[in-house]
């Protein structure tokens, strides 16, 4: 459904992405692992044109889009088909939870307001925020804000949702509620590309895990392949450092 | 010359001065209008990619920051007709209010540029990114997400600039505009300079009341618009 | 007037305007010397809600911020002779109240005005220096006075410095209103020179240039000083 080919990106002198290829099928939950600074965020941002890649191709449902030279229309059409969940939520500060969720429907997709509100409320119910329709972001906890962020992404019914470390800005006790929501939408068959350090999520939910370092994909495979039989030395080192002592892989 | 102080003159002169507020306000409103347009253009130049435009805008702002209003006013008042003369136009008969409006538009533009720029920069880049990522166009993202938030941030500074404009505008009498200050000076002259103090006190009371009213108005406005603003501060 | 600029006059008058700089600077310095300490003390009274002083300061600030400085000049210029006159006649002093050098009026008006502006500057700066700083100073055994001298005031000054720079530049610019006091400062000198041949455009270009140079210089000095302070902070950190 989405294929990324040879994506490259530099900031000034330093090359951050050195030719990354990723293939995602419908219904896939792909988790990207990798040390901080390895270019994971940059990769997601390039896919959503929040950063302009220096090189690369996105094949979306068989249609080629050049990541470097895409037209405004092509960019807009990709953004309509994708959604992004940000590390620091980025909820619209001047809008309530419900308005945050319906903004993309009403303005981006010209949906009638009533219909959008209907869908928006459903989405907020799904993430457990049926009580908070009219709360402003400043009145919500971090976990609640991120759940609104997920509802905002889910509601536009995108072909794929990109998650950039959705739980790493949260206090530990709030991580669980967000992961639960993510697991639920994964179960519904949503296609997801997730950057995260939550190994349990990768293990339980992902059907493919990609390990990235220094701007390239080092290795990829099923969670079992990566966690139990990593082929590459760098992968092993990384896992050894980040996996908890009691992390065990049940099949 | 009578030299004693008589407070009844204060009360008597206020009704004589008030009708001339019309002129003061007219000049102020037009300066705000044109100045805000200039401010947006300058802010766009400062935030844009062109280095030349950025330097021009910076130069403009530095120069206006360093020029006293009265000097700018007279530069405009004498300079524009002189330039017109060289181009073969006779600009000696245009209304004095025009020079005043030109002067204070130029000045207010420089103030507004900084107000707009700092408000814009106070909005987290993520707000724009989130907007386009849910499918808004760039223009929609600015119009619906960035601008409303920047507007709230800009309100207090806009109010302060407005007060500054109102007060600097008091100098318009120096080129002969009969606004409220001009009228006060006329009254004093027709009194052979007697009771000048009382009339100036009346003038100060009028300005004071207007300033307080504007201040309160902006506080109210801020409160009305600041829904969801707490999190802006937290960012 | 169609013959363009008179360059000789332009150059000569530039130096006439320049000769008004010392007066402008004298007023600026005197006003700052009065206003900096007074403004700080009144700002403290505003924050600590000290007796009636903070009410007084509040009204004072509101008046100065709410009225044009030219009107403040008019008021001082027309009220002080009245006051002096009544004192002189009452106590039979030998003094002509109309012989007072106008620079005294300028000192009074600009100190009065700048103090009020600085109250607000210091008040907001003091508010940014957290209460925790005072508590920490007290907890290591400093007295209130010591805590202010060694901890609070230095931090407040650093925060307030950019605003003090703005206030200073505005003050220099405002001395151009000295004409209303018949003060021989930059603007009046150049203007008088222009009266002879109606060379107003040239005169105002000169005045404009003098203020531009003067104010840019002051801004530059403040910038340098700020940089030094920041370096000092970085070394300490």
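Order as written gives the chain letters A, B and C; numbering starts at 1 within each chain.
Everything below uses one rule, namely that a residue touches a chain if its C-beta (ideal position, glycine included) is under 8 Å from a C-beta of that chain, and two chains touch if they have at least 3 such contacts.
The shown structure was predicted, so the numbers you read here are calculated from the model rather than taken from an experiment.
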Need the central chain here, defined by C-alpha centroid distance to the all-chain C-alpha centroid. B
Of all the other chains, whose mean CA position lies farthest from chain A? C
Return the distance between the CA-based centres of chain A and chain B, expressed in whole Å. 47
Where chain B and chain C are represented by their mean Cα positions, the distance between them in whole Å: 21
Interchain centroid distance [CA atoms averaged], chain A/chain C, Å: 56
Which positions in chain A are in touch with at least two other chains? none
Touching residues on chain B, where the partner in the complex is chain C: 3, 5, 62-63, 65-72, 74-75, 78-79, 81-82, 85-86, 163, 166-171, 181, 196-197, 200-201, 203-204, 207-208, 210-212, 215
In the complex, chain A touches chain B at residues 48-50, 76, 79-80, 82-84, 86, 88, 90-96, 103-104, 107-109, 136-139, 152-153, 156
Which chain C residues qualify as touching chain B in the complex? 1-2, 4, 62-63, 65-72, 74-75, 78-79, 82, 85, 169, 173-174, 176-177, 179, 187, 200-201, 204-205, 207-208, 211-212, 214-216, 219
Which of the residues in chain B end up touching chain A in this complex? 124, 126-127, 129-137, 140, 144-145, 148-149, 152, 227-232, 234-235
